[in-house]
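Paired with chain B in one complex and with chain C in the other, chain A is shared by the two complexes that follow.
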Partner chain A sequence: MSAAAGSGTNHLPTIAVEGLTGCAGELLVILENLDKLLPFVRVVRFPFAQSKNEGGAVDITFVEGSVSQKHDLEKLKRIRANTRWLVAVGNCAVWGCVQKGALCKCKAAEMIEAVYGSAASSIAAEAMDAAPLDSHVAVDVKLSGCPINASQFLAVTASLLRDHLPYIVSKPVCLECKLRENPCVLIEDNLPCLGPVTAAGCGALCPSMGAACYGCFGPCEEPQIGAMTTILKEKGYEMEEVLGRLTAFGAVIPMGEKWQK
Partner chain B sequence: MAEIKKSTIVIPEVTRVEGHSAVTVDILDGKVENVKLDVFEGTRYFEKIVVGHKYDEMAHLTSRICAICSTGHVLASIFAIENLLGYKADEKTTLLRELMHLGMIIESHATHLCALVLPDFLGVEDLISFADKHKEEFALWTFLRTLGNDVQYMVGGRSFHPVNLHVFKLSSHPSGEALNVMAHRLKDAREKALYLAQVFLDLKLPAIPSFEPEYLALDYDSPTYGYFGTRVKSSKSWLRSIEEYRDYLGEYPVAYSHAKKSGNAAQPFMVGAIARLRFHSEKLGREARQLFLSSELAKGSCNTMLNNLAQSIELVEAVYRAQAICETLLQIEEDEKASPGEARNENETNIDRLLDKLPGAAVGAVECPRGTLYHYYDLDEKGVVRAADLITPSAQNTQRIESDIRNTVEARIAEVEDGARQALLQADLETLVRAYDPCNTCATHAVSIRVAKR
Partner chain C sequence: MLSPTYFLPKERFPDFLNALKSLGQVFAPVKVSKQSYSFKAVEKASEIAFEALRTILPPKKFFYPQSETLVKFEDGEIKECIEEPVFKVIFGVHPCDLAGLGIMDTIFEDSPGDTHYLRKRRTSMIIGLSCMPDKHCFCQSMGTDCPEKGYDVFLTDIEDGYFIEGKSSQGQKLLADAFADKVLERAREAHKDRYKRFWLDRSEAFETGFKVDNLRSTMDLEWENPVWEELGDRCLSCGNCTPVCPTCYCFDLVDVAALSSKQDGSGDAERRREWDSCQFVGFAKVAGDYNFRPGPVDRLKFWYRHKLHGFDDAYGFKTCVGCGRCTVSCPSGIDDIVKVVNILQVARQEKDEGQPK
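The block that comes next holds the complex of A and B.
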């Protein structure tokens, strides 16, 4: 960018968008909504989308992905040191998503060995147990979703640009489902719907299409795991399968621990 | 005797690709010794993540491998399980799956071509200057990407990580009204897709000294240009069932990278749009075929940079084909209204009877935007996954990318130790890697050349 063009946006708040280990879904959602933000912010770092990336202090950094290797952790610590607001975006960054979910049934070393065989040792030296961002650094805002809801992302950004922390509720999916007046796929169709224990934000997407919620936004506030498992058992689902479904999308700690009690 | 010089070109992070990767080229005494494409995206062990989960969870779990080709993973997993159970989906389901896939092709190709590739040729480095100085191209991307997303939204419920596609069926069908609106939007998009293809047809490409790779792509009976099949065709004129993928691919992990790679060193594979067009160009519609025939692709050029043009031709075809599918689906709906009862019940799936075929194992494959994707599952008698194997297109292309980098550096070895020319070489290497549209989240950004002397 020429110096003249640059001076035009220099007064704007700065944002950065970074990815750790994940599917790049949040990067894609942010990229697709960037045209709505460009009048209000200057994008100083977004390696997924641009070649010219600056270092240094940033007002807001959005980070997607889980911490799954030493390289991720070093990068995250650098990001934290340089940003005012750190926003964890997506299930990976907030809960650890499927790579965290898998850790409740198997150790990381076993997985590396199984997937990479003889090349495992060099990969193991770099690998870490997949974990959400707040396991390692302080996180200012957690916006879950797999992928995140674009409207929620824009609302969070607008809030931070006004200098206050956004209010994010995580009531169960059932709440949104009832508002859409859907028939209950769990009660009426006996589908293994995880809506009662999953955070809303998607607009009750799956049940609105006649399918079971599979928990991709992570757990809601105070998830009633005991009641959820009782209903699924009554519907004829085996405990093994119920546990598998409940832990798949990374909500291992709140769900797994409560379930074990 | 001249002093022996050892230099290394390092691209620590290739930008504007999906995922994280680095390129290292070791040069000893004016000769390229070693080329490494290092994918340092964190390991995610999907083959292990899926073990212990039921067959109907595979679409949702494997979708998370990659956002951009999530639809491809969803479909490959569904096809693998349906192949295993000997299930053939009805016409409507098959058409909706194809429509969903075309939505992904439109979105992924548009994002790769406009947002990731074009900035190299327009000479812009950041998004603000791209949006600001090239309003037309930026708007073209927004338009086509939104179109592809909305097709996926309509069929799958989300623009990626779809929730509506399942083994055996879709949980809901788009309304006639939605299909009608989409058919019109697709028709209106033709001109823009054709314009983008013309931009790529007119581009002056950097010469990449490539040699002919072994092209691989799915083969199918459908009379239209497609992305699904159960056989693979090779440019070495063999045709094999995807069930034999291990024999012809031979994927192996490498110590320096988190992505596995496939192939034989002597003649690397290339999968993706060039390979697909090489085998199936006669199945293209009139407009896409004309574009193909007027390009170097029709003369059999193996210049990797043509992959961008090949994708733009596929984008044109996808827009036309997606419109045709919407219209066919509307027609099916009309027919169903005219004779209710007839169409519906033939496909009442008896799931329990199908599951009698378990335990067992099978392979499913789709042509993703960047090439053939394979999913293999071994299910126990309850339909729980005992083992899985997932082979991504980027893994199949890694060796060819490395060999292209080697050839390019060898041809331009004089530039390595010359400041300004070195920067140009670096930029061209990044452009080259980008042409493959590597999706390293499935399998891996700024360039710097480090010259070490000993």
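The block that comes next holds the complex of A and C.
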């Protein structure tokens, strides 16, 4: 990792933490774990957490939020130009989250009109169709979650500090659920659990509490959407509800696209 | 010389449990939801679900845990993590699961031997317990319906008490000590008669199954049977069928880096072994992103073959023990091994009958 000349903490690798359009959940997780990072990095920019922020190039930038406004895009391009590693953190940055999911149901202009009424036109001039970071710039690491898992975040950072791209697998939530030996809520309670098609990382949080997984980490690798839809329909769920659940967190899936048309 | 057999009246079970507890931590099936059970640590007999047929995870989890650190990288050195295992007593293991443990033992003992598994396995005692099959049990078809190996002591429920046999030397010692302490009685002729009747009744109680004699050729010759595509279309690739299997042992190895302030970039990390599944798309992916089992149907067919035929040549046994866990754990209902084998065998028979003699 590059080390700038200087004294004190200046020899440490540098990081920045930035937010676009999102709920700041990821920024909170990073803030909560910042004490673990501080011995190893110098935080150059983190406007959410500190008032003194510097410009210039950094080694790693963690970016939360989706690109939903024109100034998000300008900011993202500046970030990309000034960082060696760009890490998309959270579902918003990786998949687009609910703000992108909503676009499966209606057009952005309709949403803006419904929310802002007479002020809609000035808002619409700034708004863009919500999109994940990699729709606009190259992203080095994608760490999904809503919010992200703190231990995954620390492991990803540790890998990058060693110049290794971290290995992030997207096996389904069912694996984590079975490893915790949870009773299956899809089978036993007929809940519309999306565990089979959702990426693990949360530790099967919702099914462990007896609730259905609602897919907040985004899809697992090659989700079997056809089979998932068939099984939920057989359990009596309406197609609209099934597709609404599948697309809620912004993932582009073939069924969602078909439904939009 | 035949080892002595014993009788334990049910009202004295708490004393027997105390004898087990004196050896180590006791684990037994506990009810965890309206239809699921799990092997958990127990203190009192009232916590044990004697009626449990199958737990969510089989007892392999005690010796081959879901996630285990194998080595640590510390200060530039590689240190193997060999923990001193705590003695465990696993109570209430049914014949299918005993067969499963026997198969896991064979696999993990095979040269060079898996230290992590074997150390834990060798500091344990397995107490088998008889059961009556439900509609998903087909251990009789797989030939694993009677206890043969993988256990120390076996209890057969003969109504007012248990008929008890010792298998291993540590099992026989436990029974001899419990007899000396007047917890157990010597089994009498009446107990032996009821024991024989139980096993005869049980062998008549199976509701489902198939003939195993032509399974090998059926699995090979029906490789292109259209049923596979039908099953593949419904497969979620969720992987539930493999962690619940008493003999699935596939794992992933992951290196997890810890934060380090070392200037040369070296530092602490650990290598973990975690259960994996052949049903995941990444499982058979190799360099260059080539995947030799790309679709759910390829992976499902592979799993079926692995369970019903894959070990015939290498080890001379099948790795399915007929416990029915995959059948009840599959959200799509496609892991009904009995149903699938029946479809394949009927197709085979029809083709055989159509052949000129």
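Methods note: the second predicted complex is superposed on the first by the 247 of 261 C-alpha atoms of A that agree within 3 Å, B and C clash if a C-alpha of one lies under 4 Å from a C-alpha of the other, contacts with A are read in each partner's own complex, and residues count from 1 in each chain.
Keep in mind that, in the parts below, contacts are C-beta pairs under 8 Å (C-beta built on N, C-alpha and C of every residue); 3 or more make two chains touch, one makes a residue touch a chain.
Keep in mind that what you see is a predicted model, and the values were worked out from it rather than measured.
Asker: Clash or fit: chain B against chain C, after overlaying the two structures on chain A?
Answerer: In the arrangement built by aligning on chain A, the partners chain C and chain B fit side by side.
Asker: Comparing chain B against chain C, which has contacts with more of the residues in chain A?
Answerer: B
Asker: Between the C-alpha centres of chain B and chain C, what angle is found at the C-alpha centre of chain A, to the nearest 10 degrees?
Answerer: Here the answer is 110 degrees.
Asker: After lining up the shared chain so the two structures overlap, which partner does A:Val197 touch, if you call chain B first and chain C second: first, second, both or neither?
Answerer: After superposition on chain A, A:Val197 lies in contact with chain C alone.
Asker: Give one of first, second, both or neither to describe whether A:Pro147 is in contact with chain B, with chain C, with both, or with none.
Answerer: first
Asker: Quick one: is A:Leu205 in contact with chain B, with chain C, with both, or with neither? Answer first, second, both or neither.
Answerer: Only chain B; A:Leu205 stays clear of chain C.
Asker: Can A:Lys171 be said to touch chain B (first), chain C (second), both, or neither?
Answerer: second
Asker: If you take every C-alpha pair with one atom in chain B and one in chain C, what is the shortest distance in Å after superposing?
Answerer: So the smallest C-alpha to C-alpha spacing between these two chains is 12 Å.
Asker: What residues on chain A does chain C touch that chain B touches too?
Answerer: Chain A residues touching both partners: 1.
Asker: Mind listing the chain B positions that touch chain A in their complex?
Answerer: Listed in rising order, the residues are 13, 15-16, 18-20, 40-49, 51-54, 57, 60-61, 64-68, 70, 111, 115, 119, 125-132, 138, 142, 145-146, 149, 157-161, 163-164, 166, 171-172, 253-256, 258, 260, 384, 430, 441, 445-446.
Asker: For the complex, which residues does chain A have touching chain C?
Answerer: Against chain C, the touching part of chain A is residues 1, 36-37, 39-40, 154-155, 157-159, 161-164, 166-167, 169-172, 174-175, 178-179, 181-184, 186-188, 195-197, 221-222, 224, 226-228, 230-231.
Asker: Please name which positions on chain A make contact with chain B in the complex.
Answerer: 1, 5, 9, 19-25, 27-28, 31-32, 34-35, 38, 42-43, 46-53, 65-66, 68-69, 71-72, 97-99, 101-102, 105-106, 108, 110-112, 114-120, 122-123, 127, 130, 146-147, 205-206, 209-211, 214, 216, 240-241, 244-245, 248
Asker: Can you list the residues on chain C that touch chain A in the complex?
Answerer: 32-36, 38, 56-57, 61, 66-67, 233-240, 243-244, 252, 254-261, 265, 267, 269, 274-277, 280-282, 296, 328-329, 331-332
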